[in-house]
Amino acid sequence: MIEQLKTFITGELGIAIGIGLLKSLIVVVGALLLVAYATLAERKIWSWFQSRIGPNRVGPWGLLQPIADGIKFLMKEDIIPRNADKPLYILAPFLAMLPALLIFAVIPFGELRLGGYVLDLQIVEVNIGVLYIFALSSLGVYGIVLGGWASNNKYSLLGGLRAASQMISYELVLGLSIIGVVMTTGTLSLRGIVDWQQQRYILLLPQFLGFVCFLIAMVAELNRGPFDLPEAETELTGGYHTEYSSMKFAMFFMGEYAAMIGGSAIISCLFLGGGKAPFGWQLSFVPGPAWLFLKMMAFIFFFMWIKATFPRVRYDQLMSFGWKFLLPLALFNVLLTGVLISAGVL
Amino acid sequence: MKLTIESKKVEIEPGATILQAAEKAGVYVPTLCHDKRLKAYGSCRMCLVEVAGSRKLLTACSTPAADGMVVSVNTERLNEIRRRLLELLLVHHPLDCPVCDASGACRLQDMTFEYGVTSGDFSDKRKDIPVVTNSPMIERNMGRCIFCGKCVRVCDEVKGVRAIGYSGRGFEGSVGTAFGVPMDCEFCGNCVASCPVGALTSKPFKNKARPFFLSEETSVCSYCGTGCRLKLDYSDPEQHSFLQGKLWRTRPDDQDELTAGSFCGRGAFGYEYVHSADRLRSPYVKRGRKQEQSDWPRALDAAADGLREVASRYGSAAVAGIISSQATNEESYLLSKLMRVGLGSGMICAPAGLGELAWREAAFEILAGLPTAAAGEITAADLLLTVESDLSESHPVLGIRVLQAARYGGARLIYASARETKLSHYAASDLRIKPGSGAVLMAYLGRCLLEKVKRRGGLKGLLGLGEFTSSVRKLTAGKTARATGISVGELTDLADQLDAAKKPLLLISHLAHETQKGSDYARAAANLAYLLARLKGCDPPVVFASEFSNSRGVLDMGGDRSLYPGGNLEEVEKIWDVKVPGATGLAAAELLEKIEAGQIKALYIAGLDPATQLLGGARWGKALRKLDFLVVQDIFATEASRAAAVVLPGVSWAEKEGSYTNFSGRVGTFKPVVKPLGLARTEWQVMMGLMERFGVAANYPDLAALRCEIEKLLPGYFSGKTRNNKPGGTLMPFVTKGLVEKPGGKYRFLMLSGNSLFQLGSYSGHSAALSERMPRPVVEMSGRDAVRLKLANDDLVEVVSRRGKLRGKLKVVEGNISGVVYVPAYVPGAAAAALLPAPDSKGRAVGCAVAVRKVR
Amino acid sequence: MLNMGPQHPSTHGVLRVVLEMDGEIIVDLRPDVGYLHRGIEKIAEHRTYNQVLPLTDRLDYVSAAINNLGWVETVEKALGLEVPERAKTVRVILCELQRIASHLIWLGTHALDIGAMTVLLYCFRERERIMDIFENYCGARLTTSCFRVGGLMRELPEEFEGLVRDFLAYFPARIEEYDGLLSANPIWLKRTKGVGVIGARQAIDIGLSGPALRGSGVARDIRVDEPYANYERFKFIVPVGKKGDVYDRYQVRMEEFRQSISIVRQALDYLPNGPIMADAPQIVPPSKEAVAEDMSALIHQFKLLSKGYKVPAGEIYHAVEAPKGELGFYLVSDGSEMPYRLKIRGPSFVNLQALYQMSKGCLLADMVAIIGSLDICLGEVDR
Amino acid sequence: MAKQKAKLEKGITEPKLKQVDQVIKQYKSVPGSLILVLHKAQEVCGYLPPSVQNRIADGLGVSRHEVYGVVTFYSLFSTEPRGRHTIKVCFGTACYVKGGNKVAAALSKELKVPAGSTTPDMRYTFQVVYCLGACGRAPVMTVNNDTFGMVDPQKAVEIIKGYK
Amino acid sequence: MIVRHITALLKGLSITLKEFFSRKSTQQYPEEKRQPYAAYRGIHYFRPGENGEERCVACGLCAAVCPNHCIFIEAAESEDELKHPERQYAEIYSIMLERCLFCGYCEEACPKQAIALSRRYDMAVNTRNQMIYTKDKLLAEGLELDEESVGGEIKKTGRRSLWGA
C-alpha cells in the first residue's frame, strides 16, 4: 500500500497532481494576499484622490493594515439575525467568494523558465476558459442574492435583487463584447488568446469598442464604481451585506475584491495581451507575470479612480444604459469585427 | 382725601404720607431707608417726588399727603436726581459684590440696575474699612454701609434695645457700638434682615450661599407659640446643580400681619439644627443591651411588636404615648388615632414643657372657652397688663408688639413681675411683685372689677359667681399688698386704671417664665378676663401665649385628657368608625407616677426628652429606665432615646409638611424644603407605618387627605376659623395653693426658670449660633443678694437644688427681687428641669429651693 | 413597507421615513420626526435671554452663527435696541461665511448621497478653513455662540481679516472644481434633472423657503425682502431655478456660494470702525476692565449675569435667511427675564414637508437625492 | 444695665466725675441737653474718655452708643487727652490750594507727629480741619483761639514756637 | 451629446487625478497637535493669582450664568488671608464637563478673572467621574498651563474683557 502510494507520488501523474496542488496553493495564497492588499490599495488610493493619506497606523505606511483588519474580522462578534434563513445565510458568503477564487484557475499568468524547465503558471488550461469564466462569474451572483434574501432584511433583499438583475443584464454585454476577440483569435482558451496576442498584436485598438463595452460591463458585473448599486450604502445602507458581520462579511468583501482582481486579469489577458510587454518592447528581463501584474494594477487603479470620481447611477438608468446603449454597441462591435475579418484587416 | 399720583387717582385716610398713597395707588416709589415699621426718616432721598405747585422736591416717605395733590414720581428730572444719588453712594462703595452676602438681593444693586446708573463724574478712593467681627452672630462691614439707618432705627424703635448707634462723621462714619465693644443684645437679627445692602451680615449665613441661587418658601417658625411666618431660603437641587438641598437662612415675612416683618433670635439663627451633625440618621433597634442600626421595616416591626406585646400582657392601659408640643397637628392627630384605635389606649399625654400646670388649666378654661385675642389686639389696646410674664423675652415678636404699643401706640404698659427686664424700662408702671403672687394680684383685681361690673349690671349669665365672690371676699387690699409686696395705693391705682381703660388687654404666658405658675394663676387670669369682658362689653381680652410652636395644636388634635380631636367623643367615634376607649389622657405628672408605680409598661415618645423638658426631669430619667418597652421618635439622640428599645429618626420641620397652630389659633402650614437626612423619615409617615401594623386604616396618600379628615372633626380648622366649643362664662373660685417646695435653710433661694431668647426646647441647643451665644445658663440674681454672696457679674456659679445642680454665669440684675434666682430653662447640658421637682396632683406651683455658690 | 431611518446614512441625522414601496418605487411615504427632540423651546422658557443663545447653536448645528444672529436680533427687536454699524457688518461677514460652510456640508453630503464620495472630502477640507476663521474669532468651531444681544462677543482679532481674505482668494477656484466634478457630469445630470420637481405655486403653498423655494423659481430672500443686519448695504443677486427639481436647487446653492463670497468681500471692504456693542448698560454687560474698578459696572455685571434683563411684554417675530431657509423666532415675553414662550420656525422642518410631494412615485434612490437637495438638519427639525 | 466699675482713664479723677454728675443732674430733665452736658463735661475733664461718656449716657438715660455717636460726630469733642495748645491747619479748598498742605507737612515734621495727634510731651495737639471760615486769608491756621492768616511753612513753625 | 458627456466625465477624472498628486490636508493628530487659536474655548482651569492666592471667591456668577447649570459651588469662609484674601472662597467647586456647552459664559462672567477656558481640547477619559472637574483639578490645570503662553494670551486677545464694548 505504502509502496503503491510512493510509486504513485513519484509517478508522472503523481508529480502532475503535486505540481497542480502546489500551483493552486500558490495562486490561492497569492490571490488572497492580493485581495488583502487590494483593500489597502483601495483605501490608500481613494484617500489620495480625496486629499487624505489613508491608513498609516499599522506598520510602515499602513502596510500591515490588512493583517490588522483580518484579525479584527476574526475577533468580531458573529451575528446571525433571529429571523434569518440560517443555512443560506451561512452559505452565502462562501458562495460569493468561491467562484471569484475559482476564476484564477484558468488565468494564464505566463510561464517561468527555470533553467531548462518551463513552469507553466496556469493551474489548468481549459480550452473553453472564457466560457468557464463566464459560468463562474454568473455563479458569483448567487452568493449575493442568497445573502440578500437570507438576511431577511428589506434593504438586503433589494440589494440582492439589484445584483441579480444587474448581473443578468450585463452578462450579455460582457459576453457579446468579447465575441470580437474570440472571432479574431479563433479560440476560447484564454491561453490561446494570450498566445495569439503575444505572437501578433494586442487587441486593445482593434477591439476598442469591445474593450470599452467589456470594461463598462465589467464594472457593473463587479458591482463597483458608479454601478455599485447592490451595496449603495447611501440608499440601501450596505445592500446585501447589511446584516453580515465578522468573517462572513469579510468573505463577501474578499469575494468582491477577488472578483475585481480576477476581472482585471481577464481584461488584461483578453485585450492587453496578458504578460506581454507593451509596444513590443524586448524587455525579456522583466518576466511576463510582472507585466500582467502591472496591467492588472492599472485596471484596479482605474476602477478605484472612477469610483472616487463619479456619482452612482440609478438602478433603472443602469438597466436602460445596459440594454439600450451597451448591448447594441456590443452587437455593433461583433458586426464590425465580422466585417473587418472578412475584409481581412484583422 | 383724594389725590393724583402719576395720573392715578387714589383716596386715602388723612395723615397718610405720599408714599402710602402711592402704595395704595399701585405706583412704585423707590426707597432705600424706608421701612413701614419705622418712623419716616428721609435720609436716602430716593423717594423724592414732584408735587404740582411746589417748587421743592418732597420726600414721599415723610411728606403727608394733602387733598388734591398732584404727584409725579417718574419724571426724567427725578430719575436723574436718583441716578446722581446712587452714583454718589457708589463712589466709595467697595467692589465687594462677589463676596457680599446681599449681592443678588441688594437694594443698592437693584436700584443701580433699575436706574441704569453708569460710572459717573465722581471718583474717589474706595472705602477700605476693616470688618468688625467681634460680635457674636452679627458681622458689620461698614465699607458697604449706605447710612440708611434702618438697623439703628429698627434696633431702637422696633426692638427697644438700642444696641447699635451711629458714630463718626463723613467718610469715617459708621454704625456700631460705643468704643467698638462687641454687641451685647438680643441678637434678634432684625438689623441684619433690614439692611438693604450687605453691611450687616449674619455669621452663620455669611459667605456661604448666594441669594440668586436660593429659592424661597414661606413657612412657620418652629420655636415658640407666636407662630411667626418665616421665609426659608433654601437651595433647590432642581433649580441649580446643587448636590443636595440645604436650608441656608430664614428671613422675616413682611407680608405677615402678625410679625410685620420682624423676627427674633431663635427665628433668625435657630434654623441650623436642621443640618446639625448630631441628627439621628437611621433607625435603631435594641438587641440585647446594645442599640443597633436598623432599617425601617425592621424598626417599625420591632416597635409594633413590642407595644403589642405589652398591651396583650398588661392590657392596653399599660401602653402610653407622649407627644412633644413641637409636633405638627397632623402628627398629633395620628398619634391620637394610633393610640386610641390601634392600641385601644387612652393614655396620651401632651405635656407643655415646664409650664404645664398653668397650661393645662389654661387649655381647659381659656383656650377651650374663649375666643383668644390675636396679636392685632395688642396694638389696639390702650392698657396692657402683663402679670409675671415678659413676652419680649419668651415671645419676642409679641414683645415687639407690646413695646410698639407702649412706646408709640399710646397704650399704658403695666408690668408686674419679680424680675426687671426690658419691659420694665418701657412700662408706665413697673411693679415688682413677689414671685408667684401674680395669681393673687389678678384675683384681687378681679374682686375690684366684680363690684364695678355688678354696679353696671353686667353679671347676668355669668356662672360660678357665688363661689368666686365668696372665695375672694377675704382678699382685701392689705392682704394682697402683703402677698404681692406692692403698696395698697399702687393696687388701687391699678384697679382704677383697669376700670378707666377703654381697651385693656391681659398679657400672660403659660410657661414658667416668672415662676412655676400653678393652676390658680391660669384660673385667676381667666376670671379677670371674663370680668373685663363684662365690664367693657367685649370678648375676654386676654392673650395667652403658648410656649411651643404647637402647644395649642397638639391639644386641639386630641393629645390630652378628654380632648378628643374636636372634643366631641361621639363625633370622633362616628368619623373613626370605632369605639374609642373611655380612658382619657394624662397629665405628665400622672404619667410619671404611673410609670413609677409600674402601671404603665410601654411608652411611645414622639419628639421630646422628658428629662430635660418636663418638670421633675431627674425623676423622669429614672422612670424611663423602669419601662419594659420604650419607643422614641426624635430627631436628636436624647437621654430618652438612649434608653429606648426602638429609636425612630424623625425629621425637622424644614424637611416635612405639616402645620402649627399658634397661640391665637392661627394655623400656619409649611412645606418641605430639604430632603430628609439619611434614612430619616417624616413622622407622619412613620406613624402611618405603625398604624398599618396595628391594622388601622391609614389611607392618607398625602397630608391633604389627612387634613380633610381632621376638618371633619374640626370644621374650618386649617382655613383659620377659630373654634369656640364652650360658650364662655364660668368663674372659678380662687384658691391659693402655694408651692410644693419652699425655700429655706440651706436652699434659701427660690429658683425661677423660663425661656431665654436663645434656648427653647431641644432644637436650639443644636443650632450652633444659638448655643454659641448661650453655651451655659445666665443665672440672674438681684444686686442685694449678689453683694451678700460676694458675687459679681460673669462669675461662674453653681445652682444646687435637692435634685440636681447646674453651672452658669452670673448676671446681677439690680432690680430683681431678692431671694430669687432666675435660670433659663433649656440650655443644653444644664437643664433646669433636672433641678425642678415634679408637680403634685393638686396643681400647686412646684417652686424650687436652691442654693447658689461660686465655682472657683 | 420600508423604514428608512432613523438610522440611515442618507437621512441626515435621525429622520425616519416610513415608505410604502412597490419594488423600488415609492408608493407612499410618511416622514417621522422627533428623534432628536431636545425641547429647546421649552428649555428656553427657563433660561435668561442670554442663556438661550448657546442653545440656538444646537438648532441647525452647521449654521450656528446664523441661528445666533436670528436669536440676538429677535431679542434686540423686542428690546428696541440698535446695534452699531461695525457689529452689523461683522455679523454679515460671519453669517455669510457660515452660509458657505453650511452649503459646503450640503454639497458634500448631497454628492455623497448620490455616490460621489470625493466631493464630501473636498467640501470638508474647505469648510475647515471657515471653521478656523470662526475659531479664531470666537473660540469655537461649530457651536459658535459668537454674537451677543447688543453686538458681538468680542472685537475682531488681528489675524481675522487676513484669514478671511485668504479664504476669499482660495475658495472661488474650489467652486469651479465642484462644478467640474458634478455640474456637467452625465450621471449627476441623470440623477438630478427632473427629479423631485415642485412647482412654484406648490412650493409657496407648502411654505418652502430658502434655496428649496428659490429652486422653484421664486425669488424670495429675507436678506433682500426684509433686510436685517445691514444686508441692504450690499449688492448681490438672488439666484433662482426654473423647474424646481433637484438640479435647480443644486444650481441655486452653487450660485449662492459665489454670492456669499461677494457679500463677504463687500462687507470686509466696508467694515467701519466704531464700537461693537450697543450703548445699553441695562442689557449689555460692562467690560471686564470696568468691572474691575467701577462699582456700577460690577453691579450691572452681577445683576445682568445672575438674573438677566427684562424684555418688555409682547409678542415678536423675527426671521433671518438661514442657509436652509427662513429661520424665524416667535417670542412671547411676559416682561420677565425669561421668555414666556419661544417658537422656532426651523426652515428644515417646513421644507421637509415637501418631501411627500417631491418623492411620491419616485425611486428609492431618488428619494435620497431629494432629501439631500432639501438640505435638512435634524437638529432644527426636531429642536 | 448693671453699673460696672471702670478703671479711670488718665487725668480723670473722682472729684471731676462728681462734677460731671452734678452737670448730669442739672440737665437730666431738659430734653436735648446731651450736647450741652458733653460740652460741660469736656470743660471739666479736658476730654471725654469712655468712663465719662458712659456715666453721662447712664445718667441721662440714653444709650451709650448714642452718646458715643454724638462725641465722635462733632470734632469739638475729643476722646483723647489733648495737649495744652491746639493747632489747627485749614485744609479747606482755598487754603489747600494756597499751600495748606505744605504748612501741615512742615508742622508735622517739626512736631514729629502726624496730623490728628498730640505730641508726647502733651504740649501740642495738631489737627487738620476743613475750613475755618477765613478763606480770604488762606492759608489759615489757628493756635488755641488765635488765628493766623497767609502763613507759610516757616512762619507756621515760628508761630507755634511761641506757645509753651 | 455623447462627446459632451464624455468630456465632462474626463474632466471629472482629471480633477480627481490632479488631487491625487497634490498635497494632502490630513493632520496626524496625536503626533501633530493642532494649536488652536488663543480664543479657543477648551477645558476650564483656574488662573493662579499673582501671589499664589486663589482668585475664585465663590461669587457664583459663573454658576448663575451657566446655561446648563453644570457648575456647582459651595462657598465658605477662610482663615488663610494669603491664600484667600477676600475671606470667601470656594470650598467645593466642580464643573460637570459632560454637561458643559463650552459657551465660555462662565469665563465672561467671572469678575475676578479666576476661571478661564484653556486651549486644551483633549478631554477623553475612561469614567464619567473623571469628567467632573473639581477645584484641585482646575487649579492643577492652571499651574500646568504655562501662564505665559495661555494666560498671557488671554490678556492679550482679551476675549474675557469683551462681553461689552
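The letters A, B, C, D and E name the chains in turn, as written, and every chain counts its residues from 1.
One rule holds for everything that comes next: a contact is a pair of C-beta atoms (placed from the backbone, for glycine too) under 8 Å apart; a residue touches a chain by one contact, two chains touch by 3 or more.
Quantities reported herein were computed from a predicted structural model and do not represent experimental measurements.
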item: Chains contacting each of chain B and chain C, listed by label; value: E
item: Chains touching both chain C and chain D, listed by label; value: B
item: Chain whose Cα centroid lies nearest the overall Cα centroid; value: E
item: Pair of chains ranked first by number of touching C-beta pairs; value: C-E
item: Chain located farthest away, centre of chain A as origin (C-alpha); value: D
item: Where chain A and chain D are represented by their mean Cα positions, the distance between them in whole Å; value: 114
item: Inter-centroid spacing, chain E versus chain D (mean Cα positions, whole Å); value: 61
item: Whole-Å gap between the CA centroids of chain A and chain B; value: 96
item: Distance between the centres, which are taken as Cα means, of chain C and chain A, whole angstrom; value: 47
item: Residues of chain C touching at least two other chains; value: 118, 122, 125, 181-182, 185, 290, 292, 298, 301-302, 306-307
item: Of all residues in chain E, the ones touching two or more other chains; value: 9, 12, 15-16, 19, 25, 59-61, 64, 111
item: Contacts with two or more other chains, residues of chain A listed in rising order; value: 49-52, 308-310
item: Which pairs of chains touch, using the document's own definition; value: A-C, A-E, B-C, B-D, B-E, C-E
item: Interface residues, chain B side, partner chain E - complex; value: 97-99, 103, 206-210, 212-213, 240-243
item: Of all residues in chain A, those that touch chain E in their complex; value: 45, 47-53, 56, 305-306, 308-310
item: Chain E-facing residues of chain C, complex; value: 47, 50-55, 57, 118, 122, 125, 128, 132, 135-140, 143, 145, 148, 150-155, 157, 159, 177, 180-182, 184-186, 275-277, 279, 284-292, 298, 301-302, 305-307
item: Touching residues (chain side chain B, partner chain C) in the complex; value: 86-87, 90-91, 93, 95, 97-98, 103-104, 108-110, 112-113, 116-120, 126, 210, 212
item: Chain C - residues contacting chain A, complex; value: 2, 8-10, 24, 111-118, 121-122, 125, 181-182, 185, 187-188, 190-191, 363-366, 368
